[in-house]
Every structure is written in C-alpha cells, then in structure tokens.
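Chains: A, B, C and D, in written order; residue numbering restarts at 1 for each.
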C-alpha cells in the first residue's frame, strides 16, 4: 500500500488526484492538505467522493507529512513547494510538485516570469521534468518531480517530433492554445464566475504567459539550440480540456504522410499519445476524463506551413493523471496503473 | 470472458456501454450493432474509444448475434426488441433491453402510451424489471431484463421508501424532473441542436410523458394499491444528469430526522444509493460519470409536505451502468464490478 | 431628459439597467453607484457599454444622489434601501428599490425570513409593489416602488388568473422554479464559479427561500385569503432565464380551452405577458433579453391537476426591465418605452 | 416604409434579420422565405417573434419577391443567389446576398474553393463587397451587395490597418479564429447536436476553409499585392461570437503605442469598430447582440511579432447586422439606424 499525501487537495488538481487515487486499492491517501478548509470533512467539500473517504482536511505541513507518506503531491500555488523543500524531506519521501517551482532550470528565468524569489534553487538540478514520454528513465529514479504544466504538456507533445527532427523551423513556431476553465483554479474570483466565462472566448496573458519559458526550455532541449516562440492561451467556456493549434514553416520538404510517419515513430509505442488518422482533427471531447493526448497534423502547401494539433484533458494528462503516471514509474508499477481510463463522452 | 453484443451501439446509451465495458478485462464486445453506420469502424464514430477496439459496426440481427454472445444489450428505439424477440434467442443468450418494451406489465398500457403494437407480449411476465435495489434476487436468474428508464430510476429511488412505508400520501405525489440533453439521443433533430438547447430550460411531455406509467407501475407495487402521479420532465442545458424534485403530503407525522432514518434503513447497505447528510441537496455534478443516485429529503412543516430529491447520471445508473449492474448479477459477479467509479468533477 | 441614478450599478441587475437605459435618448444616467469600484470607469468594468458612457463609479450616498436625480434605482443587497431611506429623499426624488426591503408589508414576516431588522417600516404602507399588471394605477402616482423579485414575478404571473378566479385550490399549489446563474449576483463566491455551476442542476433554499413570503403575500391578496405554498428554486447552468412549473388541483371543472380563455381575459391586453398557443410550452430561450413573460397551461385529467408554466428573463422582466416599466409609468411615458425588445435567439 | 423580403428566413442569420428588422418602424417584412417550412407561421418557428408578426413562410421565388420588395436579403446556401439572379430582378429591387456567391471576384477561385459552378458571373464586377468600413461610398449606390462572411469580417478588420500601412509582413500572417455554433446553421446534423459540441473545442477546415480566399482577396487589395495566409477556424461551445487571434512579424519598428495610434486613425470615427484600451483583450461577451467589432493589439518584442485580436457577434456584424448596415447606406438612412444596440451581458 502506497501512502500518499496531497497538499492542495481542495483545489481542482488536488480533487482530481483524489478522484483517481481513491479508485485504486494499492494506494491510501493519508493526508488531505488544505489552506482554507482545515478540519472539514473532505467528502463534504468534494461530494463526488462522499463515502469514498472519511478524510478530514489538514494543513500544509510538508515536514510532518513527509514522515507519514511514501509520496507527496503538492498541488499548490507557485512558491509553496520551493519554500518548504529541504534535504530531510527528500530523504524521507518522494515529492511530485504540480506547481512550476522546479520546472524551469534557470532560476533567473523563473524569477523573471513568476515574479517570485526561488527559495531552494539547490534542488533545481536534481528535479526531473516529469514528462514520461521524454524523461521516462530519469523519472524512475527521481526523488523530486517537476510535474509539467498543462499548456506545456499539450503544446510540447504536439510539436516535439518535428522540432526534434528539424522538420520545422522553430523560429516560426506559433502556439495558439485554448483551455477550459478548471485550469484557472477554484479560487473565488469574479473573473471565473459562471456568467463571466460562459458564452465567451478571450485571449489572456498575451505574449506574457508564464508557461512560455517552460515550453521554450523543453523545445530548446529538443532542438539543441535556443527556441523562442509565440504562445497565446485562450479561455473557452467548458470545464475541462486544452486544445493546441500550432503553426510553423516546414524546414524540410516532407509530405503529410511522411510527417505523420514521424509522429508514429515517436508515439507509436506511447500508450497515452494517440496519433489520429489522416484528416481527423483532435477534439477535447474525445479525451475528457482520460490521460490521453490526441495529436495530428495537416500540411498547407499554399503557405509551406504545417499545422500541428493536440487535445488533452488539462486535469488528467495536464495535471493529476500525469502526476500519477510519474508516481507509477517512481514506484516500479505499470505506467498505466489506474490510468487506463476510457474518455467519457458526452 | 463474457461475450457481449450491443445493438444500438452508436447511440449515446450504446456508447456508454462501450465506454464502461471496454475498461474491463473479463468482457469482450463481439458486436457493435448499428442501423446507420454498418461497416464503419466503431472507433471512428466514437473517437473516445479510438485504439481501445478494432470493432466494425454490424447490423441489428438479434438472431445471428444470439449465437455469438453470452449477453445482448439492446439500446434501441421502442418496438425493436419486442418485435425481434423469440424463445430461441432467449434459450441461447441473456438479453438486457434498455428500451421500454418489457417494462410495462400491462400490454394495453404500453400500447396506449407508446402508440405501438407490442409484438411479443408473451415475454412480459418473464421479463424482470432490472432495478437491483428492488429486484436483486429475481435479476440473478433472469433471461430477459427490462432495464429501467432514466427518469423512472431516479424518480422511483427518490421516493420509494416513503411510498412503501406509507409515510406519504401517494395521491399527492408530484415529480418534477430535469434532464441533460444526452437523454434525447443522438438522432439529428433540429430541437437538439446546440443553439436550440443551450441557455434555455423548458418542460416537455407535460402530463403525457411515456415514463409516467412506468413510474406509476413501480410505485403501485410499492404502495400495494394503484398510484397516479403528476410527472413533468424538463430539458436542461447540460450533457448528463437527472435531478428529481418530488413533493408529497405527509401521511404520518414524522420528523425530518425520522424520515432520513427510513432512507438509511432502505439504502444503508446499497452501494449505489447515497443518502446525503442533513441539509445537503443532491446535485448532478456530484454523480457525473458514476453509477450513484444521491438522495435526500426536506420536510416543510408550513405545508405538511416533504420534498424528496434525487440526482443521477442518466447515462450510467439511468442506462448503461444499471444495465451492467444487472449483467453482473446475472453472471454471478460482484454487483459493482466495473462500476466502482468515482464521479468526475468538474 | 430624466436624470437617473443607479445604486448598485456594478451588479448584474445594475448592469442591465445601464444596458437598457443607455439605449434611450430621453434618459441620462447621472450616477453609477458602487461599493467596490469607486473611482473606476464604469465602461472598464462593463466593457459592453465601452464608449456608451464616460461615467465613473461613485459611492452609495442616497442623500446626495437624491439632490441630483429624478429617479433612483437601488439594486442593492437587502437592508441598504430601508436603512438609507427618509422623507427628505422621497420628497426630492422617486425611488425604485430592486431589493426586497419594501416588498413585504408585514415587517415581522420580512424580519423573520430575511434575518434583518427593518430600519424604516414607516414607508411600508406607502411603498407600491411594482407589478404593473396588478398595480398599474398605483404605480403611476408612487414615490417609492418595491420592484418585485425575479421568482415572484414569474411565479405570480403564471398562476395569478387561476388563483384570482378560484379555479384552483390554492392549498395544493406547488411552484417548482429554475433560474439561470445571473440571479445569484456578481459576488466572488466559490459556489458560483463556472466549474461549480456548469453541467449541473440543484435545488436550493428548499422550503426556506426568501421569495416564498413575497409570492404568498401577492397570492393571498388575489385569493382574498391566506395562501401558503411550496416553492422550490433550482439553479440551472445558463446565464439568464427563469422557468416556472406550477401544479395545483382544479377547484372548478374547466376544460383546458376554458382555462386558456381566462388567461386571455387577464393578459390579452398586456403587452409583456404572452399567452402561448395550445400545446406550446414556454422556454426561456424565447424571452431572452426581453421584458416578456410567456405563459401557458396544461390540464391533466388523470390527476385533476392543472400545470401552469411561465418563462421570463430574470434580468429584464425579473429586475431591470420591470423597474424601467415602473419608471415609465411614474413619469407618464408609454409603458413600453425602451422595452420593445425582440428576444434574442440564439 | 421599406418593404423587405428575406429568403432563408428560417436559418439563424435569417432569424437575426427578423429580430433586428421587427424592432424598426420604418421597415416592413413582406416575405419570410423558407425551403422547409412553407405555409407555417413564422412566429411558431421563431417563438421569440411571437406576436411581433403574423407572417407565414413562403417559398424562395426571387423573381416574384422582386416585384414586392424594395430590398431582398438572401440568407441562403451558396449557389442559390447566383443561380436565381438576373438583370430584371436587379432592375426592380436591391439585393443583399449573405451567401458567398458574389464575394469572390475571380470566378475560378470561387469554383475551386466552393466546388460549385457559378451561374451568373456577369454580376461579379458590379457586386459590391459590403464592408462599410472599406467600401462605404460604393455601397450607397449598389444594386447588389455581397455581404461579407463572418470570419472574413472579423479577421479583416482586426488586421487591416497594419496590412494597409505595410507595418506587418503579410507573408507571415496567421489567423487563428474561434466561432460559436450558430455559425454552423440550423440544419439537423449530428455534428451540431448539443452533446457533440458542448464541452469541447476543435479545429476544422484546417488549411482548406472557404473563407480563406475571401480574406486573402481583401488583404491583397489592402496590401496592393497578393497575400496568402494561414487561416484556421475553431468551433467553441457557445451560441454566438467570433474571436480572432492573428500573428504577424513586424515589418516596421513601431511601438505598441504607435501601432494602436494607427488603429485609432483608421477606426476612430467608425461607430462599429471599438479600439480597446491598452492591455485589454477583446472578449466575445462584450459584443454579444451588437454590431460592434472590438479590436486590440499586443506587441511581442521577444519574437518581433504583433498579436492582433478581434471579437464580434457572428450573427450581427458577422451577418444580419452588417447586412442592415448596408441596407441603411443603400437607402440613404443613418448608417446605425436600428443598430445602436448595447451588447447584452451576461
């Protein structure tokens, strides 16, 4: 039985961790951490898990929790994990951080984009970027995982093979992403009220969103040289889902069929990346509730560009599902344990 | 390995059966029946199950299918199952009918409300109304199950204990129900287009909806005398979910606490009926994707009435999940096999 | 030019007042009152009116405003208007209060249901309940209007003719209402976040909602004797709209045709109440953005009941539109001035 | 009194024409043309206009209608208007075609993208592209207006000043657009059912959408040389609204302030184009129900690109509103007559 603690269990990503882990019989959640609801029954706050657990919300004492848990998920605001981390904690337990604290290797980049002081940069080198499709082996032996952001996961996996193979010119890469509202969290903000978000679309964080350097870091590693991109997130009136539409000029003269073959090479054996059939565009409804990323491409001979598309559930592969995928790898379990979820439609 | 055939696999209830059964390793779907999509790859129509199956849509030949399958689900329009049924089929395989054909014991009532001739009334007596909370033992030995309607399941379970115990006056019972749009099926009708349904509420089938006699039949059995009710369904702008609000005058002078205790008596050991805590109203979001019915009550001393409430996912407990629950019982499996689903929120 | 002041201009009802009044050339908004946004440009907060006004948010000083405005709308939380009201204000200006402060004639009933002390009960007798279909003449000469609640407007108009005529037994009256989320206001509450409300239905305030005594007061006046009802509001995942489904036993043996004729008698000359054709159920989509209430009825000979239905836009006829209808009457203008709005579909 | 005929009155764009025109007292709708509903009362099909008109649906005989109407709106599928047009019709009446038939000047381009034979290319030269912001004077004297497409209107107005002024490199222009579902029309198609579209996002028509050549034609005219672009439309789960996010490399080294000044130069005196304040992103909720296009830009020094954004109601400025704006110009009326609509929020 793996003893699991969740800090930030009352946010949406924390709630999704609970949903997925409470379905498993090899896992026990020993800690529902919360800042605002200490002392309240977790099943009263998330009535979906009513009768699945008797857990009561506790605080966010990472130190204490590290003595009880085999693995800790921190689904917390930026800054919390970095400021709470120390060698003792990591010597006792594994940590999977769903915040951005350990994703950006260059601390100055982190501090510039997040407007935060990083309290424990000494763990940046050790932290493994928890994208199994790229870092599977490193994850298996990691103590500290930087679980990727939602936009970066979908954006990166949608374009990665073509950047890695030099098939597109990365200086022309533009990523236009659309997200459901759960990505904005469960905080009480006017901007996320039903009537503010429903029946509307908007761009936000234009040319300034904090997931930009994370995507660029991973693309730079793939390209073998610095990559700077345009990234624009949009808010869409739906609960879950991220859709990425990416544009780039082809650097090599390949046909659509040849390009799809490259995706097949990269993802053919990946359980959670589905390369769709020719002509089929990814749609978020087909991945809802699952750990899949659906990807596909379309070439445009008129412009010499390729359009790369990806769809994903931001709560699962974009957060809790990927975190559990990482946990599985770290504990030597089948990578898909508890994640063989058929997407729910409608 | 249980060999399963689905007739009507390309409708929403059929799709939900596929979603739930493809997650199981003790079940094999041997037939994806469809009227409109014969020859097409099922995973192309329901991209959520892309790569979960290579199945190709076949027709609706119940006869042929009965030679291949251990159990057949008919998620078909009214009339199909009755007109295709015969003793040979039932001697070879079990049938779980998700249509209304075998729910109403009185064939004249069926023919009046459904405006259809019933082609095989000889099986009405044998058919077991597949509501496990009431008919668990009969289901175990049945060859033919009449899987309950979505509204009747939620309506009946919400009021059953109080009717059975004579705590309410059944002549005063009024059931006001609200359903998501998936209940209307996947047919191409203007009335179910996004822009017709979105941002709107309406009542329909007022004083004439075909689920009325089904609810009345079960309530009459519970009350031991004929019960006639008002039942009004409404369409709500959401994919899934049924919410029932029922009103009746109290026939016995019980407190809210005493009434809730009655519900606990009836449902305390039922895995799929959750009696909520005092003061908590059922909400469809808390049962989405699961086989639960959440119920609760509120007394109103000012009017002498009790308000009974229930929330359920119409696709799961209201259709496919309940059908699988019945299948589990018929095959001697744990009743919750493949159904221990934590509701998905948000 | 009518000089108008709005207290509570940054809430949804206040915003709707601004939307409707900024389209008129005989009205000038001289005060955008707000508690939270003083000093901010109103068009920055409600970008729909960007470039329609240069107004800057001011406070909620009713005294000062009363020296500037010909009429003041108070779209404020309960208690504000009663605690700010005095004879001097009313001697200088007309007041249309969209809160509940002056709706309930019996101060003890108000204080019991609203859990508030009423600070100026001396104006209760003078205040006119601003439902033009009932109190048109009184409204014309009023200084202080109690603008009806959203649920009460739709509930009352849906059942009024049958109560007034003694055609239904009011002791059997049950009102089941469904509202869009804008009715919950623009406050930053977790419960009204997009992901909490979307894809869900729930009842709330069961047997305890504060609009109950307001409905009962008006029905009692119509019936000529005390009427006590069951009233259950529900939250539906849509921005606007209230749908009422009401049930009662017939006290007189009238046909559906005869009952519809009664509605025609009552509402045939009312511009803002539309009696639908036989068999057509009201839907909120057909009244969106307009000042209409659509009503219709269906008899149920099986139960001896009649089902009464009404649909309305809670922001317009349920709040701002009705308030402007009252203003028009008070200023001797055509009652429909600025309100001849064709509902917006889809 | 202007006598108006609408062919295609029962589609969404036709319905929006009716909504807007029935609010006017200088217009009379003399013909509600429909293919599927001939003989039915228009107010029964669009219950929002119940009691606004007694009109009964007639067929699509342009010839006959041209003898009755001062102006005809054809809100019909591609091909209808071109195949029905002749000199006699145009000599008797004005025609505003909401389809694409007369938008593309090069008949071979039309026939390639629309896969249709053009039946009356002789009117292509005469037809005026009905975008008042560009062709105001020509529109005033036109007999035949090609009313712009929804995507082209929003796309073009969002980027026009920078293309015209040579501030961006048009070869780098990428337009990523998101539309509500009303743009897909009122036809009964499975793909547009509520449950197929709700809670999902997808791209469609990637590198092949038929609005591409229309946008390119207008941009080429603006640039003074052929412009080829990437254009990707997406379907968003909402009724109305188009959001455009466009990307291009700067060709001139201008600051964000200087670029916004260019937009002010172009649109400062345009009533229906609102240039938003610095840092404010357009959102479709702020234009709903109105004839506005809200635009703004953001520069990205890191990539040397500018991001251009626009939001519009596809039913109004994207279809019926713009058509009426054209009608006003053709009849010498104030351009904004009947269009001074404050956007409806929420």
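FYI, a residue touches a chain if its C-beta (ideal position, glycine included) is under 8 Å from a C-beta of that chain, and two chains touch if they have at least 3 such contacts.
None of the values given here were measured: they were computed from a predicted structure.
**Student:** What's the farthest chain from chain B if centres are computed as the mean of the Cα atoms?
**Tutor:** D
**Student:** I want to compare two interfaces, A-D and A-B. Which one has more contacting C-beta pairs?
**Tutor:** A-D
**Student:** Find the geometric centre of each of chain B and chain D from their Cα atoms only, then give the gap between the two centres in Å, rounded to an integer.
**Tutor:** From the centre of chain B to the centre of chain D is 45 Å.
**Student:** Nearest whole angstrom, what separates the Cα centre of chain A from the Cα centre of chain D?
**Tutor:** 38
**Student:** Determine the centre-to-centre distance between chain A and chain B, using the mean Cα coordinates as centres, and give it in whole Å.
**Tutor:** From the centre of chain A to the centre of chain B is 36 Å.
**Student:** Give me the residues of chain B that touch two or more other chains.
**Tutor:** Residues 12, 182, 195-196, 198-199, 237-240, 283, 285, 288, 346 of chain B touch two or more partner chains.
**Student:** Which residues of chain D touch chain C once you look at their complex with the stated criterion?
**Tutor:** 12, 15, 19-20, 22-23, 44, 46-52, 182, 199, 239-240, 274, 276-277, 280, 283, 285-290, 294, 340-346
**Student:** Can you name the residues of chain A that touch chain C in the complex?
**Tutor:** Residues 12, 181-182, 186-190, 192-199, 237-239.
**Student:** So in the complex, the part of chain B that touches chain C is made up of which residues?
**Tutor:** Within the complex, chain B touches chain C at residues 172, 174, 176, 178, 180, 195-196, 198-204, 206-207, 228-230, 232, 234, 236-241, 243, 245, 247, 281-285, 288, 298-300, 302-303, 305, 307, 309, 311, 346.
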